[in-house]
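Handing you this structure, nothing more for now.
Chains: A, B, C, D and E, in written order; residue numbering restarts at 1 for each.
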Amino acid sequence: MFGLGAYEITLLTTVGIAVTVALSLNLITGFCGQISLGHAAFYGIGAYCAALMTKAGYPFAFAVVSGAVLSTVFGLIVGLASLRVRDDFLAITTMGAGFLFLGVVGQWDFVGGEMGIAGIPDIGLGKTAFMALTLLIAGLTIIYSLYLKRSWLGFVFDAVAADEDTARVLGLNVSRYKLVAFAMGTALAGVAGAFYAHHIRFIDPDSFGFIESISILSMVVIGGIGSVWGVVFAAIVLSLLPQWFQFIDDYKLLVYGGLLFVVMRFSPGGIAEIAQKLWSRFRPEKSSKMEGVQ
Amino acid sequence: DTVKIGMNVPQTGFAAADGLSALVGAELAVEQANAAGGINGKMIELVVYDDQASPKQSVPIATKLIEKDEVVAAVSGSYSGATRAAAGIFQSAGVPYIAAYAVHPEITKSGDYVFRTSFVGEVQGRAGAKLAGDILGKKRAVVITLKNDFGKSLAAGFKEKAGDFGVDVVNEYEYSIKDRQFGPIVTKVKSDNPDVIYASGYFFTAGPLVSQLRSAGITAPIIGQEGYDSEKFIKIAKADAEGVIITTSLDRDSKSAETVDFIKAFEEKAGYSADMVAASGHTAIKVLVDALKKAGTGDAAALRDAIAQTNLTASTGTISFNDLGEVQKDVQVQVVKDGAWHHYAIISDEKLLAPPTN
Amino acid sequence: MLQLKGFACGYGEFTAVDNLDLTVEAGSVFALMGPNGAGKSSTIMSIAGHVQVSQGSVLFDGEDITHLPARQRVHMGIAVAPEGRRLFPDLTTVENLTIGGYSRPKEEEKGNRERVFDLFPRLAERADQFAGKMSGGEQQMLAIGRALMAKPRLLMIDEVSLGLMPKVIDMCYSALDSLRSEGITLLFVEQNTARALEVAEDVCVLESGKTVWKGSAADAKANPKLLDAFLGLAETTTDGN
Amino acid sequence: MLFVDLLSQGLIQGSIYALIAVGLTLVYGLLRILHVAHAGLFTLGGYFGVLITNQMGSFTLALAVSMVSVGLIGMAIYRLCYQPILNKPPFVALIASIGLFIAMEEIFRIVFGPFGLSFDNPPLQENIAVLAMNFKAAEILMFFGAIFLLGGLAIIAGKSRFGTAWKATVTDPEMAESFGIDTIKVRYVNFFIGSALAAAAGVMVALLNNLVEPTMGSVPSYKALAIIVLGGLGDVRGTLIAALALGVIEAFGTIYLGEYLDRDAIAFAFLILVLMVRPQGLFGKAA
Amino acid sequence: MARLLDIKNVTVRFGGVTAIDDVTFHLDEGELLGFIGPNGAGKTTMMRAITGVVTPQEGSIQLMGQELIGMPIHARIRKGMGLSQQLVRPLHNLTVLDNVALAAGYRKTANPLAALFKTDRRAERATALKILDRVGIADAANAEPANLSLGYLKRLEVARALALDPNVVLLDEPLAGLNHAEAEKLADTIQDLQSDNMTIILIEHNLGEVMRICTRLVVQDNGRKIGDGAPEVVMKDPIVRRAYLGEEGDNAAA
């Protein structure tokens, strides 16, 4: 279909999942200002839950929904923690939640322990349709994010991200809004995880570790925290990078690390900032409509 | 016109050390095969991609090897997760795939196109039990387990057969691959007062572990496995390494020309001495080359059958496969003596070492 | 003592104050006035070395300090009590004062602190409280006290009476008076026009970054148009209290 | 007896953590940057220690050279990497730092090889008996060295004028400048001390394990973050105590909870529990 | 006049400091109450106790007969309170206009689900612009708060409080940092609000304006209430004069 080979289909599926999970974190961290260094755990909860479901014979759709629900439940628990701790304390608390997830899953034979879950069934759609479905989900997530930014919910998130105390004095129920952000973000992460599990068809705790959390966060920050298109773009680029860089095999991670550093060092607003600068250079007379960074 | 063999191997990230050994071993095998005339006159080309030992990377790599590079077969020089995820792709594309040293039991269960030239963990664990009870004649064992697929399956095999050899497992402790400080475990082991310790790990965990056990005054023999099997282990543990016994696939004192050759050639090529992973990478390619010579490059099913029929002496011993694609070979027991690995015993109990068949 | 020549300052592209010429004589009291957003704070912070000077020069004792780092200005004798106080909130009162006197030898610290406590007894009562937890007025006292710890020859205070109660404002001004008698030069911003004109000798009035009036306080008082248009004082100069 | 043994093992582990984390706490305290690349400096210190000892034969010299050179590199990192992005949101420096850390690990691998290095003749291996317990001389040095260095640092940070200047620089560098504090110098000193301590920790850990690997910093990269948060972020005394506490918790945890959770999970479970009770950490000031 | 706010025996302690010591007073509908007292008297703390930022150790605070203590901040605000803080806290990622518009949209932000389904900000922005105009900073509507001078920010605080359409506004030193004319104008605006049926507590050190516009004064000193009543009467009280103006003796005239 569309002249795509299996390889391209695999990559596009990967990209679709990466975009979804990056935007899911963007809801929490970008929009609502609650930093999370343990997001991969929710991605993982979705993946594990969905994998167990389809292995037990339930349909994929049901597996996705239950992955999202379970992920949301844990997301709300961590969200409750965010009511208690802030900023860097929250960052480390969420990181801790990620390690707790790894510790529990790795020890728990019911979910395969350190061995992970192999033989996750093919959902029978075929690779192309699965890819299309993944991209559809990613597309819907983009649309939802764009809408959210314009809505009053997004407006309140802006305020909560800027200054919780002031937001309270303006009559905003900050706690509830934060929980909503965590719930939405982790639900989406759960969906992305369910797709991941049925794409790779093998999952183990390591796939959802600290490094994965960091790479998701990198997509958000490199893209431009809170921006939608920037994050989408960064998710695409960063998820494809390891494949593109195959030719520099030995230096791949070096280049990746260097890239994270260089982008942050020279364009702290991420790709969104670069795009905005370019845009205003070419359209100097009009005020730029590109969404950007604060 | 060449014959392409694919390989996924971690070249960067935390598993890069093993990746390097496996890759150099595989490259050596390819060079040797090409020097000997290749596959019926065609040269072999090894197509290598870095998978960072991650399933997420190995899946697109597998697809790419199959579709873009059109490899006739592939080898995994990677860890279990990446190998297991890629195995499914090779299986559904009908391209033979050989895991060089990944231990996850599920790998060969992907299907009939997937093979493994190294032991599954359980088999080696059972050999460890025999070593402890039968050969060393010990009774009270403490098991120190590396908490990953490798260590867990070793421990399972050990505990499964320990009783049969009269060994009582008095306690088991787990540690993570990131640990290098084992103070608390060592303290507890000391109070358990075992007469043998079965400790799984890789050279970089086992080196400090053995060292710390010894400096706490624990003198019980320590049994390790192929993860220890590197000169680096001795470099780290120094004098404390003396007397440590391991189960592995590579016999340093082997008289077999294959092994002697390999050890020499590898050191020349790599600049450091061969380890188990290097030998495994070498062996996997050798098995493939052998099968390719027999079956030619045209037909994947024929190639698969040829691999299944393998009966070949490689650096890691005489290789043949069971129905599941698991290797059947003897277990080498090596000991550290005078700062080097040496022959200690060989375990060739076919029933004990029978790999899983389903 | 202090001289601004063709001075302009701002933030990036934005020019907050343009083409300002002003001379503060040694030992005099100079008031900078004008409505919100006029550029008073920008001028002060620029003299302190924190807002970028885009044109002209700043001379102190005849020496060009336009590009001198802020840190060295305090050693020359310039101290500032900035707008918004800018205390170190998680340092205690005493620690804030210690920082204020950081440019002075350590031995002086205790004596200088006692002087500040004499001036603002309230601070002595709150000696070990974190600055961030103090009331608005207490913070203002501490900000002024902190600047005094540096034993400046030129003291700049942005909005002297902001948030202070009348009694403390009186104390403050009488303190400023005695500082002047010690030979300290004062440059301050004050919204309470009547008060400012009472104390100051010279006045400069800014609006939107432009100098609209300059001269002696006495002339300013006698200029109803100026008072009305820029200083918001109607013809009757009622004293705020 | 087992109890005392475990406790002492925990304290030794804790003192390693303390040496690593305290540099991080200094940096965090001053710049509010979660300086992950600190763990890279720790590894670099280890490499220098092993290489120089093996070359020159003197461990003391190696320790000194490693501390000084890593200290200088730390200063360079501050100047080139962090100073330009200080005013950006915290994520920015965090990601930059992570990128730097990944790149450093890879450079170590490429330059020093993937297998790691060991001492040819590791020093301080003698066993010393204390109250019927056996310790390596290196462990004893480690423990008392950490307590001594960090205790001293805590006193300086808490009491001296420089310590106050340091705290002032933390909250408002601009105002600190205004009162004559050379904030650039404060930051350089800070990075130098923090990085030199990381190097010392690296050398000591290299000695305890007789191994430095490219990935030696990966555990400290996040564990040290947990410790400084536990200690109250930016508080030297808190960091010291949090590090020791965590070492002890892990020691007992691995033995008695090892069946249910791994070492990291135990550490973080403890961290989360503490934060839920005291959101500002053990020694943090209430917000 | 109906009782709007009833403060009974409130005590607030911070560690060893007693910031408010057993204070009782009330606020009737339509009043413009001047709440004055020396620096550190506990005025701001009282504001915070009313809005819920600090919790009193003792006492009760009732709004229209309903106990506020124990209620979260946002819920109290939604009962019809607006707060203008002494230390300005603008939301830096929003423009001045949006700072106010967000407050003006309080009906849309009552719960997250409702907020999700609404996008139109035009009405709120129009309201916000009117309020900005009323406090005299409409010219800065599209500016970013970070670029504003203090006087503007103080008025932004007031504007935000008003945008909540409150029954009671608590203004903590809104006039500080404004010059005479500006202060007078804002004081007039505050008086207008009162005539628009808003009830107001005004904390101020600018006694001239306080005496001009307030209908009643409560004076606090060192955490204790030392005066309550008509402005002229209260200001004649020697205790008040001594505490506040620093006058010795009882004979000084108002």
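Methods note: contacts are C-beta pairs under 8 Å (C-beta built on N, C-alpha and C of every residue); 3 or more make two chains touch, one makes a residue touch a chain.
The UniProt protein names, listed by chain, are A, D = Branched-chain amino acid ABC transporter permease; C, E = ABC transporter ATP-binding protein.
From a predicted model like this one, the values you see are computed outputs, not experimental measurements.
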Length of the shortest touching-chain route, chain B through to chain D: 1
Chain labels contacting chain B and also chain E: A
Pair joined by the larger number of C-beta contacts - A-B, C-D: A-B
Per Cα centroids, the chain farthest from chain D: E
CA centroid of chain A to CA centroid of chain E, Å: 43
Chain centre separation (chain B, chain C; CA means) in Å: 76
Separation of chain A from chain C, taking each centre as the mean of its C-alpha atoms, in whole Å: 50
Separation of mean Cα positions, chain E and chain D [Å, integer]: 48
Touching two or more other chains - residues of chain A: 106, 250-251, 253-254
Residues within chain B bordering two or more other chains: 12, 147
Pairs of chains found to touch, sorted by chain label: A-B, A-D, A-E, B-D, C-D, C-E
Chain A to chain D touching residues, read off their complex: 29, 35, 81, 84-89, 91-93, 95-97, 99-100, 102-104, 106-107, 210, 214, 217-218, 221-222, 225, 250-251, 253-254, 256-265, 268
Interface residues, chain D side, partner chain C - complex: 161, 164-165, 167-168, 170-172, 174-183, 285
Chain D residues touching chain B - in the complex, by the definition given at the top: 1-2, 5-6, 9-10, 12-13, 16, 106, 109, 114-116, 118, 122, 125, 127, 134, 136, 205, 208-211, 213-215, 218-219, 250-252, 254-255, 258-259, 262-264
Interface residues, chain A side, partner chain E - complex: 147-148, 150-153, 155-156, 158-159, 161-163, 165-177, 180, 294
Residues on chain C engaged by chain E in the complex (per definition of touch): 11, 14, 33-38, 41, 83-84, 122, 126, 129, 133-138, 140-141, 159, 161-171, 191-194, 231-234, 238, 240-241
